[in-house]
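These are the structures, in structure tokens.
Each of the two complexes below includes chain A, the first together with chain B, the second together with chain C.
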Partner chain A sequence: MAVTSPTVATPTEPRKRSATSRPPRQRSGSLTPWLFLVVPLGLLLVFTYLPVANMVWYSFTSWDGLDAVKEGVGFKNYVDIFTRPELFRVFFVSLYYLVGALVQLALALYFATILSFSTRFRNFFKGVIFFPYLLNGVAIGLVFLYFFRPDGTLDALLGVVGLKDTPLWLGDPSIVNYSLAGTSVWRYLGLNFVLFLGAIQAIPDDVYEAADLDGATSWQKFRYIIFPGIKQIVGLSLILAVSGALSVFEIPFIMTSGANGSETFVIQTVDTAFRYSKVGLASAMAVVLLIIVLVISAIQRKFFPDEKGDLV
Partner chain B sequence: MSAPTAPAPTRITAADKMRGAAARFSRSVAPVAGPLATTAKYISLVVACAAAVVPILTIFFAAFKSREEYVTSGPLDLPQNWFNFSNFTRAFTDSDMLAGFVNTMIILVVALAGTILIGTMTAYAVDRFDFRGKKLVMAGFLLATLVPAVTTQVATFQIINGLGLFNTRWAAIVLFMGTDIIAIYIFLQFMRSIPRSLDEAAMLDGANRLTIYARIVFPLLKPAIATVVIIKGIAIYNEFYIPFLYMPSSKLGVISTTLFRFKGPTGSEWEVIAAGTILVIVPTLIAFLLLQRHIYNGLTAGATK
Partner chain C sequence: MARKQTVAVLTVTALTMALGACSSSSGESGGGEDGELSGTITVLTNRTDIVDTTLQDYAELFQAENPGVTVEFEAITDYEGDVSIRLNTQDYGDVLLIPNSVSKDQLPQFFEPLGTVDELSQEYRFVNEQAYDGDVYGIATFGTAMGYVVNTKVWEQAGITEPPTTPEAFVEALKQIGEKTDAVPYYTNYTDGWPLTQWQNNQGTIAGTDAVSIRTSQDDPWAEGNEQYAIDGLLYDVVAAGVTEEDPTTTNWEESKTLLGTGKVGAMVLGSWAVPQMQDAAEAAGGSADDIDFWPMPWQTEGTFSSTVSGDYKLAISKHSENKEAARAWVDWFLNESTFAAEQGGISPVVGAPAPDSLATFDALGVNQIELSPAPAGEETWDNDISNEAEIDLWGDKYRKQLVDVARGAADGDKESFFADLNSRWAAARANVVG
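Up next is the complex of A and B:
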């Protein structure tokens, strides 16, 4: 289907198309599609690709974000990231969120599976489990600041069962990340759950009926019918969980501003850029994160090849 | 239960026997395990619902308590007077939440209109034309989905600043419009289901491409537009970082930033902060109750692209 000249269509081509039951498309006057694309492509270039290109450029300078001159410093910023432990350490905070995300996926899978079987008040349960995902991030941050504060909701609940000696959930550096990762699970569980439930319900009913006739147990139905049907979306969610854990920002920023050892890589990056005016170093940090996310996406495409290719 | 079994197949492996034994076992315990499993299932669902609701419920209680009442009662205690709205009025006026709602609405409407126009135009161009560089264009949009927006803000900030959009509503509007690739996919997928013969017929009647887009394709995309409005609308209502970074002026607060800034000076007056939080949650709850099914469908469409 290679076109040598954009303006001249060979006379045989339209016939070839109609053989595949596709009507001929307009090929001459090929300016028309570009008129439709000029604004979308302009925005895409200016607000996605130009920032990425600039970011790579800034990352090799010591720019402060204001100076007219951007002085090149070679790989110094990158060397700093990997040699100064205080810059790299924040990556380990992501591990809490990663474990949280795995718990979240397991819970989502469990609830999606049990709700795919006939259940009383199914829509009610579905709605309640899903609803937190829709909430405003700042509102969630405040709800959980109240939940975790001394003598707050959590302490009161633990007091009911007799636990009085509770730690500072957000003040103790050894606990704060568990609290924040837990908040993150609370917030995002609903999305995974609804996606899994949708995928399970897309499996035709007669498959289950056939399994019932064969006397399959619930576990067998899960193992041989449900799981293969949702493998794709589980794989996608797993990858998103990893890149999500690396780029956690809102919850810790709103709730603790990164205090008490809850600082994540993205909080540190934006602080470096906008509070300490080290745009060069911050750009290098952002480039490192971008590369990691791209590598993870490439791995995903290798292990879970999806139908996205047919969009082109 | 014990239907006459067919003659045994010629070769039975150990694994088959194990599986058979497991199935027989689970069928034999079914009369007991069934009710037990059902009970466990409902208990787990109730626990999950409690976990989802209790944090919000306690902040809801707090919002109705007076100062002395808040100090003397625990978080789990019900408020004495369910008609004590003074915290709500204080939160609404002190934080200038009205301005926040107005700014959010302005940004929401303009950015949504832009997203819909841009998304449908892109989908129309890509699906209905063959042109050189089409694969490159598609690859450009695809690759952009992989770039996490939060990482590039370091450099995007300079561009917004250079364009003179810093501290204006346009900063948020162009960023919401210019970076929405999911919407394009939703439109593209839907556009495929619109038969091309409609375009052809109109073209025979002498309609040009713009007329076909505006009069035929665009109206037929309504269901996809509804999906994008819901998904994108929720995302814009909830967005915190873009307005926080690009619109620091106190006059340009949106819902998220208004609530965030309100927390600072109000300090430990949790009953007032709680009321502000509830004010932000209520519109979401109403939208959810009204649009449940559309939200579920939209999210599924957006995630699987």
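Up next is the complex of A and C:
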């Protein structure tokens, strides 16, 4: 559910002409933006598009990840994937994370709305909610391993309120995915929260003032001002939530490495590549995942087209 | 105008250099003019814990003998994963440990031959393990015997002073510990995973020196009577008997050392290399190093115990090294002059060296040490290929974690169905690989 922020090249302001200078030559004006773009474009090509192109190429080979020779096998890897239904069974695990992501969006929207009004200690609460996102994923995984162990932090907390008969949070296969999805919500809530908060604060103050004069309640302000104003961000977050749920990796990989029924499609792909030395097949799996995510995003955009906010 | 173009050129150059730097190699000239060794060699190691201490001391001693050579270490935490990927470049140090993912027929692609098997086996043990076509590509840094580490105090409390001689007696003994003491009888170390793979090192204990080629000739290694069934079956029985930790999914390796050392855990199946680490942990936690012992696995052939002895990671020289002579000198020095094997509680790779203290009980029991023989020519990669094709990671932790899950009732199936599935996958893959 991570977001990469696109690098935006700011247009350069044309130099002011003094009375004596000659008019600037056309060419220099058209070259300058490209100069600024060389570095970001270079990085984008080298670290994003080139690896993807390589991956697509590998997916048509039987490469084991080491051999100097990469033998082409045509569509064999793709045929393998679609004749092995057990490879897709792991997508059921993604449903837990999808539900988790929806809960996460609702919570983030709720907190962002509340904290955009003048609440006491609002900056403190903003920090508390955003903080987990700043933590390193590996550290979170290890902390939560202790949190979920028998007689660990969670059991101790529940013990204080009188709940003694607690399950094995990670050891019980019917609970492990809830625990992991919960960890994921805790971690990424802050990101959605900050996105929503930023969007809400971009709504001009005078709209609220007008609403106050008309005697609008907080709920009415949310329903008729805030929500329409941040619709686009909500739509974007939904797309990210779905693609994130399909490609969950970090938290289950660190905490259970996919054992005990918590395996996700990406963990399975990594295992295929590096555990069974089938880089060709794994690349094909990655390509299939990419296509699935693209298709779902396309469908989503068809049903929720991003309209321009017509608030102002 | 001209200035702008210069900037453009500079930007592109800087970018190219930044990227190019990734693949530039270190090291200067090879051998010196007067026959003395010179140059800088980079040594890749998995030992992040001793790279700045023990290894640095070795480097200083070596450099005192070979003033022209500079030894630099690069410690890698995820050694196996990182180095496997780096082998795709030409920059993987001068001396390195051969990652397990390299299959035998790929050895000549990446490493310098160190000598023939016939020649080197006079001097070193375990040379077969990374050899191909009669040439040796890597020599073990130390050897390990298989068995299980025990806290004898816990076992004595349960009334057991002798190593059990049958798998049934082993499980029974663990049950006794569970009943008579507060200790967890057996600790799987499920979360870290790799301790589960240690079980595979027992191959040969039952089937003898040809264990691997016997396995690759079978369609059903997990059928009763075969070695793989005995090894994985014992793990299954131990977990199914309920004598392991309550929640295997939250275990911790570092903590397990202290647990065993302080008598909160009774036993763990590991290599003999683990003994010094457990003893240190016991002492650090206020226990006694004398409580830690190393016992042979509970399988006997004609009244004697057996233990498979194999080499740890093998030292090899990169094919792309620019200082091969200096690299070779370091390998020879490390194996013969350094005290690495002894300090690690391992068996020295040098033929005829004395046995380490950690194996004192083995000597007293007269344990028969088994060194696996190499796979027959043309079959070197079969075992690896079949297990990859079948997606049964004999040397990984994935299927054994599933086995533990089935055994503790957290996943569907039972011993029979789980092993039947393994057998059918193995047989199908074997048909593909062997033909």
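As a working rule, the second predicted complex is superposed on the first by the 248 of 312 C-alpha atoms of A that agree within 3 Å, B and C clash if a C-alpha of one lies under 4 Å from a C-alpha of the other, contacts with A are read in each partner's own complex, and residues count from 1 in each chain.
By our rule, a contact is a pair of C-beta atoms (placed from the backbone, for glycine too) under 8 Å apart; a residue touches a chain by one contact, two chains touch by 3 or more.
Source: prediction; values computed, not measured.
Participant: In the superposed arrangement, does A:D165 touch chain B (first), chain C (second), both or neither?
Facilitator: A:D165 sits against neither chain B nor chain C.
Participant: Just to be sure I read the superposition right, which of the two partners does A:E86 touch: chain B = first, chain C = second, or both, or neither?
Facilitator: The answer is neither, since A:E86 touches no partner chain.
Participant: Touch test for A:G261: chain B only (first), chain C only (second), both, or neither?
Facilitator: A:G261 contacts chain C only, not chain B.
Participant: Pick one for A:L37: touches chain B only (first), chain C only (second), both, or neither.
Facilitator: first
Participant: Let me test your reading of the model: by the given contact rule, A:G152 touches which partner, first (chain B), second (chain C), both or neither?
Facilitator: Touch partners of A:G152: chain B and chain C.
Participant: So, does A:S277 touch the first partner chain B, the second partner chain C, both, or neither?
Facilitator: After superposition on chain A, A:S277 lies in contact with chain C alone.
Participant: Touch test for A:P173: chain B only (first), chain C only (second), both, or neither?
Facilitator: A:P173 sits against chain C, while chain B stays out of touch.
Participant: Classify the contacts of A:D205 with the two partner chains as first (chain B alone), second (chain C alone), both, or neither.
Facilitator: Neither partner.
Participant: Go through the superposed model and pick first if A:L195 touches only chain B, second if only chain C, both, or neither.
Facilitator: In the superposed model, A:L195 contacts chain B only, not chain C.
Participant: Who touches more of chain A, chain B or chain C?
Facilitator: Looking at chain A, the partner in contact with more of its residues is B.
Participant: Return the residues of chain A at which the contacts from chain B and from chain C coincide.
Facilitator: Touching chain B and chain C on chain A: residues 25, 32, 39, 46, 65, 145-146, 149, 152, 274.
Participant: Mind listing the chain B positions that touch chain A in their complex?
Facilitator: 23, 26-27, 37, 41-42, 44-45, 48-49, 51-56, 58-59, 62, 74-76, 117-119, 121-122, 124-126, 128-132, 134-135, 137-142, 144, 146-148, 150-159, 174-175, 177-179, 184-185, 188, 196-197, 200, 209, 213, 234, 237-238, 240-241, 245, 255-257, 259-260, 263, 270, 273-274, 276-277, 280-281, 284-285, 287-288, 292, 295-296, 299-300, 303-305
Participant: Name, in rising order, each residue of chain C that touches chain A in their complex.
Facilitator: That would be residues 1, 4, 7-8, 11-12, 15, 19, 81, 84-85, 87-88, 101-103, 106, 109-110, 190-191, 193, 246-250, 252, 388-389, 391, 393, 396-398, 401-402, 405, 410-411 of chain C.
Participant: Could you please specify the touching residues of chain A with respect to chain B in the complex?
Facilitator: Result: residues 3, 6, 22-23, 25-27, 30, 32-34, 36-37, 39-41, 43-44, 46-52, 54-55, 58, 65, 107, 110-111, 114-115, 119-120, 123, 125, 127-132, 134-139, 141-147, 149, 151-153, 156-157, 159-160, 186, 191, 194-195, 198, 215-220, 233, 236, 243, 247, 249-250, 254, 266, 269-270, 273-274, 279, 282-283, 286, 289-290, 293-294, 297, 308, 311-312 of chain A touch chain B.
Participant: Using the touch definition from the top, list the residues of chain A that touch chain C in their complex.
Facilitator: 25, 28, 31-32, 35, 38-39, 42, 46, 64-68, 145-146, 148-150, 152, 168, 170-173, 176, 256-261, 271-272, 274-278
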